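So that we are looking at the same thing, I have put the structure below in structure tokens.
Letters A, B and C mark the chains in the order given here, with residues in each chain numbered from 1 onward.
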Amino acid sequence: MSSIAFPTPDPAILARRDDIIAGLAALLPPECLVTSEDERRAFETDALTAYRRLPLAVALPRNTAEVAAVMAFCHREGVKIVPRGAGTSLAGGAIPQEDAVVIGVSKLNRILSVDYANRTARVEAGVTNLSISDAVMPDGFFYAPDPSSQLACTIAGNIGMNSGGAHCLKYGVTINNILGVKMVLIDGTVVDIGGQALDPAGLDLLGLIVGSEGQLGIVTEATVRLLRLAEGARPVLFGFDSSEAAGECVAAIIGAGIVPVAMEFMDKPAIEICEAFAKAGYPLDVEAMLIVEVEGSEEEMEAQLARICEIARRYGVKVVKESRSATETALIWKGRKSAFGATGRVADYICMDGTVPTSQLPYVLKRTGEIVASYGLRVANVFHAGDGNMHPLILYNVNDPAEQAKAEAAGNDILRLCVDAGGCLTGEHGVGIEKRDLMRHQFSEVDLTQQMRVRAVFDGRWLLNPAKVFPLDGRIAA
Amino acid sequence: MQTNFTSAQLADPHMAASEKILRSCVHCGFCTATCPTYLLLGDELDSPRGRIYLIKDMLEGGKPATAEVVKHIDRCLSCLSCMTTCPSGVHYMHLVDHARAHIEQTYKRDATDRLLRALLAHILPYRNRFRLALGAALFAKPFRPLLAHLPRVGKRLAAMVALAPPRSPAVTAEPAPLTRADRRRVAILEGCAQPVLQPAINAAARRLLARADIEVVRVAEEGCCGALVHHMGREAQALEFARRNIDAWITAIDQQGIEAIIITASGCGTTVKDYGFMLRDDPLYAEKARRVSALTCDITEFLDRLDLPAVSTAPKRAVAYHSACSMQHGQQIRDEPKRLLRNAGFTVRDVPEGHICCGSAGVYNILQPEIAGRLRDRKVGNIERLRPDIIATGNIGCITQIGGGTAIPVVHTVELLDWAHGGPMPPALERAPGLNSRVVQFPLA
Amino acid sequence: MTIVPTKEAEAAEAVRAAQSSRRTLSIEGGGTRLAFGRPIQTDDTLSSKGLSGITRYEPAELVFSAWAGTPVAEIEAALDEKGQMLPFEPMDHRTIYGGSGAPTIGGIAATGASGPRRIQAGAARDLLLGVRFVNGRGEIVKSGGRVMKNVTGLDLVKVNCGAHGTLGFMTEVTFKVLPKPERTLTLILEDLDDERAVQAMSAALGSPFSVSAAAHLPADVGGARARTALRLEHFAESITYRARELAKVLSAFGRAREIEDDESRALWRAIRDVDALAQPKDDMLWRVSVPPTQAPALLARLRQAGLSFRALLDWGGGLIWIACTENAAASTVVREALGGDGHATLMRASDALRASLDVFQPQDAALMKLTAGIKASFDPDGILNPGRMYAGL
């Protein structure tokens, strides 16, 4: 079935499984260690379920010291480690290996402190993204990055993938909103990097760690920036007769010097899927829709909207619909953020994540449709238009191996298209296993080698999440 | 998500239904975030997604349930919060019901567990047996600390006894209503435990309906809805209860023209509304079950459709409305109870983290006392932050569970509505110190 | 010898030659920030001056790329023509270091120079989307790209930003830009002490009115009276409203005066470049990062320790510039006053002092080991700006 290869499990490790588990059992209480096959099975995949590997064991430590003890043990024993947050990766970032121990941070789920005067919060890495905003929202603050999975995904995972979200157009992605981390290195050493200060003391190690896909260490705590909520926020729906018109409108809005808080795109199939689930009032008689959110006081939002509407009219906007209440706003975003899951009602899907320059959006959208059609499949497009981060959902039947192969081939074609159009393979989901074998399309051997040399500083033996990010051949060690 | 069933397996309609559910799951993990046990335990195996995976593996392999699988399925509250969250429309309820039945058929629990479950299954669904048992429990209450020390089953026995109310409620005889041909008619499920524990609830419902000139038809043959045993995987027993109730109600529908089957315990409502699914493959009952489910509604759904007069003399009581899981998740009823309470003059406050279960969940608080206790404390903490005068909810299980953790009186929504519309003060308020004395001029209606 | 490549390939060739002959290289752009970091002696100098020019500017995509040696002035002029700007308001170090060279965009990336708008729009590293550089092996490496969202592979962009040329010789950089605000207005509160000033700035930054800069000039720093400045930048119609609302938020701290246009721009340029502390030239100058609310206590500790100094607070109190008479003991005083969560960089002092003191905040052994490892992974023979950040690295 699977076209993405996993490394052959190390037979020496598999043979020592009982000893390894005994060693882990000496470090963790029974409720923090998963060893039976039935139970390990539940950890064999993440949100990229087409790929699955049963892990050797799953450790669910409760604090930094336990994470450090487990990592030191694995390092000593030469056992591979696959870090796991909430297991919501669409790129297979948390998929285990047979000869690896999964270290999950889901029990590290407390908010440690909130500091409004300095506009930061200190959290354990297993807290969910949304729970931070939930905790500070009553006081008028929020944590800005908002990946669609924010309800469930952990800060640890966000740091691993440098997650983005709809509102990143204005507020930036994870790296722009994290000030410090406590991280356990492969040998169990605990380091504190950054803190509440706004710039690094020396080299920007945080800039290296955020987005490193669990290959440099395991983050157990983080200091995140809190931002003050705007006075008001209002999403507006713009319906167009064609995807191209919507795409051109996006480029024109940005080009006019207006940077809305969020600018999201949905094509007709995506609108229908999301509307069926969220009943958000999306227009069903259009080919494409933009959700544009503006912020500020009532008058400010009106003024900004007037400018945006004026541009949208130039691109033949057919429907303009403003949210009229907090409930409507919540539904509009619920529909958008549930898009992937709701697609599951219709078909299985794989979700691409390439980014292209916004001027290339109309072209790439058109080509995406042609590529998917050429494989005899369907596509739904829902993505962050403001920053060109596309999410074509290729619909297929996972129980049909031939269709899966076609879907993956179409996906690879689309990603290559994104790179060729001046963009990249992944804007916010990460490389994981999914895009690993396409890395050479974006990077030269020299580029990749330099990345691997840096990686080797942290983990010279390739024990941390080793099947991911870098093509399996041509790897270099310390 | 991908599944791996043989066509022989899929010939079993139960299996086919579960396969369809599993296929709709995209394994996105959203459900983990709103699952009470995942919140407490931080282990994916104690989350819906983990359980779905355990169930998938068990069913695909055609394997008997293992102790590990049973542990995690048993920890599920069936609160169905995951179903509210799920963007893909995974019908977790039907899947976990299937798994529980599979466990019951293929897994041998240890002797004490079997005994406890049998005890519950043979007492709780039967009004008279339950009444007797309650007397015994009241007798046993002083010995609770001793009970807790019994090996294996002690904590759970102690939990069970702790749930018994402080005194055995009096059974109030009510005059049979007069029948008039032109009146609208409904039935109210009497069920099993509720009329024993809190007869005042259905009495309040009947008074409210009577004021709206709606006749409540007594359906003699009905009884437990089957939810309690259904959640223990005792499918056959559950279906027996369902068929008996269906027979009784179909007669009432056909002969007395009842327009609705009203439920005052949302836990029962979720199950009765699911009769149509539970008996879908029973040629004799499928159609009847569908009819019954279609006519079933929660008392607040029904009252919300009536034109109850607004109450002008506002009581200024702050009510924390606790939405039972079976209400908000099982039946997706959210606004009606709050709207009714507001229209009746109460100040209604939403409980933070309101989507998380209080730990009652049928007999869960007896079978899993530790998790249930932690959830109760969390719930009570969230409610008490609101400093309400009264806690209102629509499910007897929650009333008992939350009432065990707070001094704030916990009443059924309809008791407050009835009081506001001219009925007696709810018994729990009369007993509440302080609150009683402050209730001066109300009700004036 | 100074090597001035005019093509990227020539730069790579020069580094390869240096590596094979074990000759060390100073990396230089416009030469306006050479006094930043530890003084170093190298065999040769590799200059980016010959790599100049904007290679791509897409106003509609809010992105430009330029060769590293492109003068900042040239870039700002091009952006200005399209009504855009570098969002992070990079500092011009000539004010504190003197010198007459032209600052380059590569120098900004190499030093991670970020000005007052850092608190709202991000630092240089947040806006730097892509780099091309020559590593210490003479290999041309690219990382990042020209799109705003990009998490493909290990990010080598940010670690190069602010690495002071110790990891690679940057050849091309790509930055995100933003539209210039239609209107700018600054509210000024007067006569607040450090404590009250930080409270006022915290209140402003915790308000919903998108304050884009918050700085405090104590009495006798750039003016007789203490001034606390809060900047609003937005659409023209928003500014009047926001200024009024923000003044309400700040009413407990006194009546705010408004300045606009040239006066406002001049003030923020002066704050950005630390004009007020630039003279006398031989004063030592520290740049301290702390959680904003810890700034007043830190300054109080310095006074308690008997240090005579002048200070300027930017980033709502999170960035403190401290000027004092040059002396070695001040290093101990400043770093001991930091408390747990801050760091200090010695921005200006004599070569002798910068050679003997830690210019960058000393880090614990585990972090230094990582730092050394990263340096070696880019530059195994230590030929690029050796010792610029840390002795021996």
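Note that in this section a residue touches a chain if its C-beta (ideal position, glycine included) is under 8 Å from a C-beta of that chain, and two chains touch if they have at least 3 such contacts.
None of the values given here were measured: they were computed from a predicted structure.
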item: Contact graph of the chains (line, ring, star, complete, other); value: line
item: Pair of chains joined by the greatest number of C-beta pairs in contact; value: A-C
item: Cα-centroid distance, chain A relative to chain C, in whole angstrom; value: 30
item: Chain A and chain B, separation of their C-alpha mean positions in angstrom; value: 38
item: Chain B and chain C: spacing of chain centres that average the CA atoms, whole Å; value: 61
item: Interface residues, chain C side, partner chain A - complex; value: 58-63, 83-84, 112, 114, 118-119, 122-123, 125-126, 135, 139-143, 145-159, 161-163, 167, 178-180, 199, 202, 205-208, 210, 234-235, 237-238, 241, 245, 289-293, 315, 318-319, 340-343, 360-361, 363-364, 366-367, 370-371, 373-374, 376-378, 389-390
item: Of chain A, residues touching chain B in the complex; value: 31, 34, 36, 38-39, 41-43, 45-47, 49-50, 60, 86-88, 104, 106-109, 126, 128, 130, 149, 151-153, 277, 338, 340-345, 348-349, 398-399
item: Residue numbers on chain B that touch chain A, as the complex places them; value: 1-3, 23-34, 38-39, 41-45, 49-50, 53-54, 57-58, 66, 68-69, 72, 85-89
item: Interfacial residue positions of chain A with respect to chain C in the complex; value: 115-120, 140-141, 161-162, 164, 168-169, 172-173, 175-176, 185, 189, 191, 193, 195-208, 210-212, 215, 228-231, 251-252, 254-255, 257-259, 296-297, 299-300, 303-304, 355-359, 384, 387-389, 422-431, 435, 439, 442-444, 446-458, 469
